[in-house]
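Dropping the structure in here first, questions after.
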């Protein structure tokens, strides 16, 4: 079942220097239980794509669909019902004065179910006592787990992950990746995973989209894109990643 | 860190020491009714311009009223009015600042231009003009000062709201479906409270000068009522015969202002560490 | 064994109360590239700061010897070059590069040697040196700025170049290019390089020897091949396992 679809998305920014085309005719589709990876370097438009898909900024052209229903132009208050964003810097995605429990409850749209929170904590590998902590008292990895738990508590079906491991250490990153892999194999994860690291993306995602200069240069299943890349830029990325693996 | 903590400890001690002094002054003036040895309004023809002594610790004025009692009662007027004024300006300014910072657009442009206009004139000049138009009395003086005072709170609250608004946790609150009112009250207000409250503390000293100044010029309290500024003003006429009638209210004003300014500075330094 | 350039003997250092480095012993040999790998909080940046005699770091025990002599502030720039993670921080963003280069040289009482500079530029893969020097830092990308920062530290011909996480702010493909340039620098100019990074993959590409740091100590040090293929310490093993690997299916 197709959960999320984007058709010919365009985004132009009007600023003082003139006119920037941050997103050019990007299309994608995400099925239930699937993880779509978006790879690109800085300035490739991958973050703009996330902001457009999540409703933080409206697209200048194209349409967005959730389960076949158009939601183009809807703002995060509405889109939050079916998609949640996991931010790059998990710590700053929690109010520094709020306990984790309150922050998670806040995302329940009125629902108050402590049992469910405890279950989610177990799922992401955290303990009950961490609920009374604030963001400053937790490590980056723990905060990232908390924000995954918070997103699940909302009962939104889709996670949009924006470079969620790039602020973490290698070993912490590996633990978060393991968590995502586990969630995926349990069939609980439908997500768009944005990263600059193609190796990381290949470990988690079913499909990969490579972006450069606001355009999607290649799209396909992970096996296709990694195994037989067609585009020169994809080859360069894979080559760099190969050289960086030990 | 050792260096940091030592500095922090010193600053904390400074805050505690000044806070205790400030509290003493507030308590002394609040309980003026108990502490004052004489009725501050009772005139007595037999004890005009008496030098400080056992019965009248700070002497008496031209009408034979006890200067010590009047200083205590006058402090109550000044301090209560100052706190009330700072609190109201803080509330109004912070609300305006948060709305401007949060919504931006026309609302922000209009209100901030208005703030700029307020700041274009020296505060005291505006206050004198406004107090002159309004009827004399403490309320008039407070309105006159308050007209420019909200600006500093509004600007501070606005700039903090701007930076908080761009934090990821505000975005997260959007995705949680929270309303603007909820976000402003639960996420923005508590997070900008500390710097704005610090500003309020530093404003207390200036406000006191302002209120006493207006009273000194006859634009504040109406004479029989005790107030430091008006007491100094009255006593000025016979300063050569009875200097104590000017000296003690002036000393009280200076000491109080120094203590509150020092407290504000200490808290500000502490927040910056 | 080659001649040793930098010797660190039983070094312990701290920021005020907490000890960040505990008993570090390390020798850097002339002409080698030594990679120091560690995660955040491992003390790797503190070690670099200690070598640069940064005032915020308090050395409580041990010595740092550069060519048998105690390391001091005066060595910085002329004998020891430093390139930091954030290239923008090294330059004034609004002034042209050539002015900033000349000032750097002037403070070391030297003249700008155009020929030498264009040599460095060629090695770094920067074409059109004249035009580049007229540009200002804010007009360039992060990768270009990082190259200029490396060039700036090389014009004083240091024998030892310290690189603190210089690839972490760069894109993957740019990072690999920067590594290639450093390798070329070493073979053409013979600089000794101490390269600090959290990225084992980058270390595998560049290092002759690798030192793994964990909680203020060097837990493992040896030839890059040995350490990365047959790690002995548990921490190294875990680190190697955790590096993301390209998956085909």
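When the chains are written out, they are named A, B and C in that same order, and each has its own residue count from 1.
Here is the rule we use: a residue touches a chain if its C-beta (ideal position, glycine included) is under 8 Å from a C-beta of that chain, and two chains touch if they have at least 3 such contacts.
No experiment lies behind these values; they were computed from the predicted model shown.
The central chain here, found by comparing per-chain C-alpha centres with the mean of all protein C-alpha atoms, is A.
Set against the C-alpha centre of chain B, every other chain centre is closer than that of C.
A separation of 50 Å divides the Cα centre of chain A from that of chain B. If you average the Cα atoms of chain B and of chain C, the two centres end up 55 Å apart. The distance from the centre of chain A to the centre of chain C, with each centre set as the mean of the Cα atoms, comes to 33 Å. Chain A meets chain C in the complex at residues 41-42, 169-171, 173-174, 177, 196-200, 202-203, 222-223, 226-227, 236-238, 240-246. Against chain A, the residues of chain C that register as touching in their complex are 39-40, 142, 171-176, 198-202, 204-205, 228, 238-249.
Across the complex, chain A is touched by residues 167-169, 171-178, 186-187, 190-191 of chain B. For chain A in complex with chain B, the touching residues are 54, 56, 75-81, 83-85, 87, 89, 92-97, 103, 106-109, 147, 150, 154.
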